[in-house]
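Chain naming follows the written order as A, B and C, and within any one chain the residues start at number 1.
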Amino acid sequence: MIALLIALPLLGALAAWLTPDNRRRPLVLPVVGGVHLLLTLALLAETPPPALGGWIILDPLGKLVLLEVSILFFCCAIYSVGYLAYRRERSNRVLCMGLPLCLGAMSLACVSQHLGLLWVAIESTTLAMAPLIYFNRNARSIEATWKYMLICSIGIAMALLGLYFLAYATVVARQEPTLLLAPLLAQARGLSPAWLNGAFIFLLVGFGTKIGLAPLHTWKPDAYGEAPGLVGALLAGGLVNCGFLGICRIYQICLAAGTTTFFRDALTLLGFLSMGFAAVFVLRQADFKRLLAYSSVEHVGFMAIGFGLGRGAIPGTVFHLLTNGLTKGVLFLTAANIHRSYNSKRAERVRGVMDRLPWSGWLFMLALFAVTGSPPFATFLSEFMILSGLFADGREIAGVTVILLFAVIFTGMALTILPILTGRGGSDLDDSGYRDRLLTVAPPLALLLVTLLLGIWIPAPLREILDATAAMLGVGS
Amino acid sequence: MNTFADQLLVLVFLLNFMVLGSSRIGIAIRVVAVQGMVLGLIPSLIHQVSPHLLLISVGMVGVKGFLIPALLNRAVRTVGIKREETPFLGYVPIMLVGAVATALAFLFADKLPLAPQHKDLLFVPAAIATLMTGFLLLVSRKKAISQVTGYLILENGIFIFGLLLTEAMPVMVEAGALLDLLVGIFVMGIIINQISQEFSSIDTSRLTSLKE
Amino acid sequence: MHTAVNTLIHLLLTLLLPPLLLGVINRTKAFFAGRTGAPLLQPYHDMLRLWRKGSVFSSTTTWLFRAGPLVTLAATLAAALLMPLGNQPAPLAFTGDMILFAYLFGLGRFFTVAAALDTGSSFEGMGGAREATFSCLAEPALFFSLVVLARVSSSLSLSGMLNDFPPAAWFGSGAALLLMAGALFIVLLAENCRIPFDDPNTHLELTMIHEVMVLDHSGPGLATVLYGASLKLFLLGALFVHITVPFRSGNVIIDWCAFVGAMVLLAVAIGTVESTMARLRLTRVPQLLVSASLLSAFAMLLVLRQSP
């Protein structure tokens, strides 16, 4: 069953490659996404036994990320049918192959318990995404792709070095060398602390590059800004969570080894740095897709702070992984609609979205509120959980700083986005003739509804998964 | 783990200096290929030969020694450049920086708590020095292909460290790493072609339209 | 055999062999070019002929110009006394003589450059500047190599470090020694102004280094310069041969013959390099010299790291 989870997207990619018709090819995506979502739900309902000698296990953390990725991908897949109908002039073969490949790699990352395999999966997502960022085939997108490819490749190479250090820590400690999670956790206390800390640094740098923690985030605004909206949604909602999955795995080892201080301090530092960077660059940012990228940097930083400060903040952070990913989907998909209609993503070239694209405009506005943590959306709940966790643990200064940064970022985003949405359209603005359609509005709407629903009511099975994940990351122990 | 492997690693150090000091991109690609092959041979030399190690060696030599250089050479031919004309840092200064980095690598390696059987061997200093060389190339060169060679050298450095673990790491992971590397270089090669079409140059210092 | 006889052989070889090396190099180059080439003993004839000629001195020169070749030759000869040949100790040996050895070359170079500057010609001044720059860059390579030798042989005297140089060291730290030998060969070529650094046969003004400095010398002065240069080649060559051919038979006569044979082989090797390589552009010369220094520094790092 798990094998099917990974094989299905690969088959989908193959089918997309074999389909000669540019018009019918995108239909592969919703089929793959839909079956994948069904499979995921089935797997969540009934946990499969470990496979491949313990290399493949679906644990609660994996379940959480898998669920988020699967929902997001399904919505993006439906959206892609509508989106690609507008982009008939361009062959979509690469896009239709890359998306399922990326889904397969992300699924593999979710279920792999061997850190080497996890690394391979995460590196594969990086590679599969590169051609997709270049979908628009112009000078700006090639520049973004090059930066993305180079920086992420180096980052992920650092992560490999970190893994080698981890394995070497077992060699120095004269233990059975392994990168399987379960034995590593079992023997973590005996590992050489020096090598362990070295491993943490390099793994943090590696996965931190992947998720775009400042100061390793420099590729992010470019890639998010130039990639098509649905690719941006998957980058911000899917790949980021896979990177966090890697970070959580290290965190587990830290906890088991009993040397969390170092890793947590580093995470917290990078987290605050990211939020600070985002706050500075969000102000006066005229390109609304780059704005979303900085919003992603902000939330990545926020989650890093959550993990870094730990304890009471963990349950909220785990929940935020899920909610943030889904909200990012709404933002990027609707931003893509606006971009398509106005042929521009500069604030001065876009006005009066509410008039021209009422659905997208409203969704974008609501998503803006959701992403900045307003009730009744689930992001409010998760952010509130993190902050109250911080205050409960007596970390008032951290909590207040985070709130202040949130305020700055909200103001910065609102200052750019509200004039875009309201305002009065004029004849000086470009009009591509694109208007809202069911296929390009329903997916973000569905994602937003899910976020809203989760803000009001968390289903019991999901609650179980969340609690189990938080327990894996040291809550209640 | 023996002195013979150590002597081969000296060759790796030399190749680092060669690639730092050469302006010809063709030479840099060849040097990286030779370095990859040398590293690929080491696992089979230092341990008792087993199918697992042989597989790694064959894969390494094949991919790093032939496949990747072929890909890069094709990219060089299509974009038609031969030299790195004006690096950010000149060739003599960068070699000196490389020498300092190598010396620091030795100092640093002595401080590391290595397993007793790995003390006094060149693996760790070689890994660090090669890693640093890769970084130096990445930050000092402007041409996209030179940066790719820098990335490859960086990977080689990581692989040298991995040599300490050849018996611990399952072959599948190494194969996966190798495959990812190959695909990565392939994708980079394609991007390089596109850069040269869009900008009629593969000078990455011209990629400046995306800025805050 | 007696020490006195060995010293005599040492002195005779030092005095008589150097020009032969030039002859061998020229013959090798002629062979590669497909010519018959000058006889092996031609350099001796050239020097004798110059010696018999009169000298012309520019009116702007002072005593410094006349002293230049003589002091250079004297310094080189003094260095020759420190260099062990054919597995026999040198006539003069004491702890730390390797530093004197290096600095005697420096002294000779200083006077050659000073004599060149003394002519007041901007042209020769340019040659002097180049010589000074390049030797500065080559010096570290020589010193690092000497440190490597001192470490490997645990001796601080040239005689000690070269004669006791254990052939087994090639197995223990072969890579380091190979690096050092490479660096020394580069120094050998650079110090003696051979291709790829400088072409002793060319008089193309823009690219000359050594030749341009001695343009104003004539007659016996020029003969002294030429002889001094060949002696320098001989000495550095002997250093190189000692390391690369650590051959000990135990029999003194065989050792001497082996030494002369190795020197001739080295001359052939230099001739081969000169025939197969092109001259470097002047701007690339410092790069190669810095590489040589780095090679030897790296070799030093490697041997210092090993427990003795």
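The rule is short, and it goes like this: a contact is a pair of C-beta atoms (placed from the backbone, for glycine too) under 8 Å apart; a residue touches a chain by one contact, two chains touch by 3 or more.
Please read these numbers as outputs of a predicted model, since none were measured by experiment.
J.: Using the contact definition from the top, classify how the chains connect: line, ring, star, complete or other.
T.: Looks like a simple chain-to-chain line, open at both ends.
J.: Find me the chain with the mean Cα position closest to the mean of all the protein Cα atoms on display.
T.: B
J.: From the centre of subunit A, which chain's CA centre is farthest?
T.: C
J.: For subunit A and subunit B, what's the span in angstrom between their mean Cα positions?
T.: So the centre of subunit A lies 31 Å away from the centre of subunit B.
J.: Report, in whole Å, the distance between the mean C-alpha point of subunit B and the mean C-alpha point of subunit C.
T.: Whole-Å distance between the two chain centres: 37.
J.: Which whole number of Å gives the spacing of the CA centres of subunit A and subunit C?
T.: Between these chains, centre-to-centre, one finds 67 Å.
J.: Subunit A touches which residues of subunit B in the complex?
T.: 112-115, 131, 138, 144, 147, 151, 154-155, 158, 161-162, 164-165, 167-170, 172-173, 176-177, 179-180, 183-184, 187-188, 190-191, 194-195, 198-199, 204, 207, 209-210, 212
J.: Provide the residue numbers of subunit A that touch subunit B in the complex, in ascending order.
T.: Residues in contact with subunit B: 114, 116-117, 119-120, 123-124, 127, 130-131, 134, 137-140, 142-147, 149-150, 153-154, 157, 160-161, 164-165, 167-168, 170-172, 177-179, 192, 194-195, 221-222, 225-226, 281.
J.: Using the touch rule from the top, collect the residues of subunit B that touch subunit C in their complex.
T.: 3, 6-7, 10-11, 13-14, 17, 21, 91-92, 95-96, 98-99, 102-103, 106, 120, 122
J.: Please give the residue numbers of subunit C that touch subunit B in the complex, ascending.
T.: My answer: residues 172, 174-176, 178-179, 286-287, 290-291, 294-295, 297-298, 301-302, 305-307.
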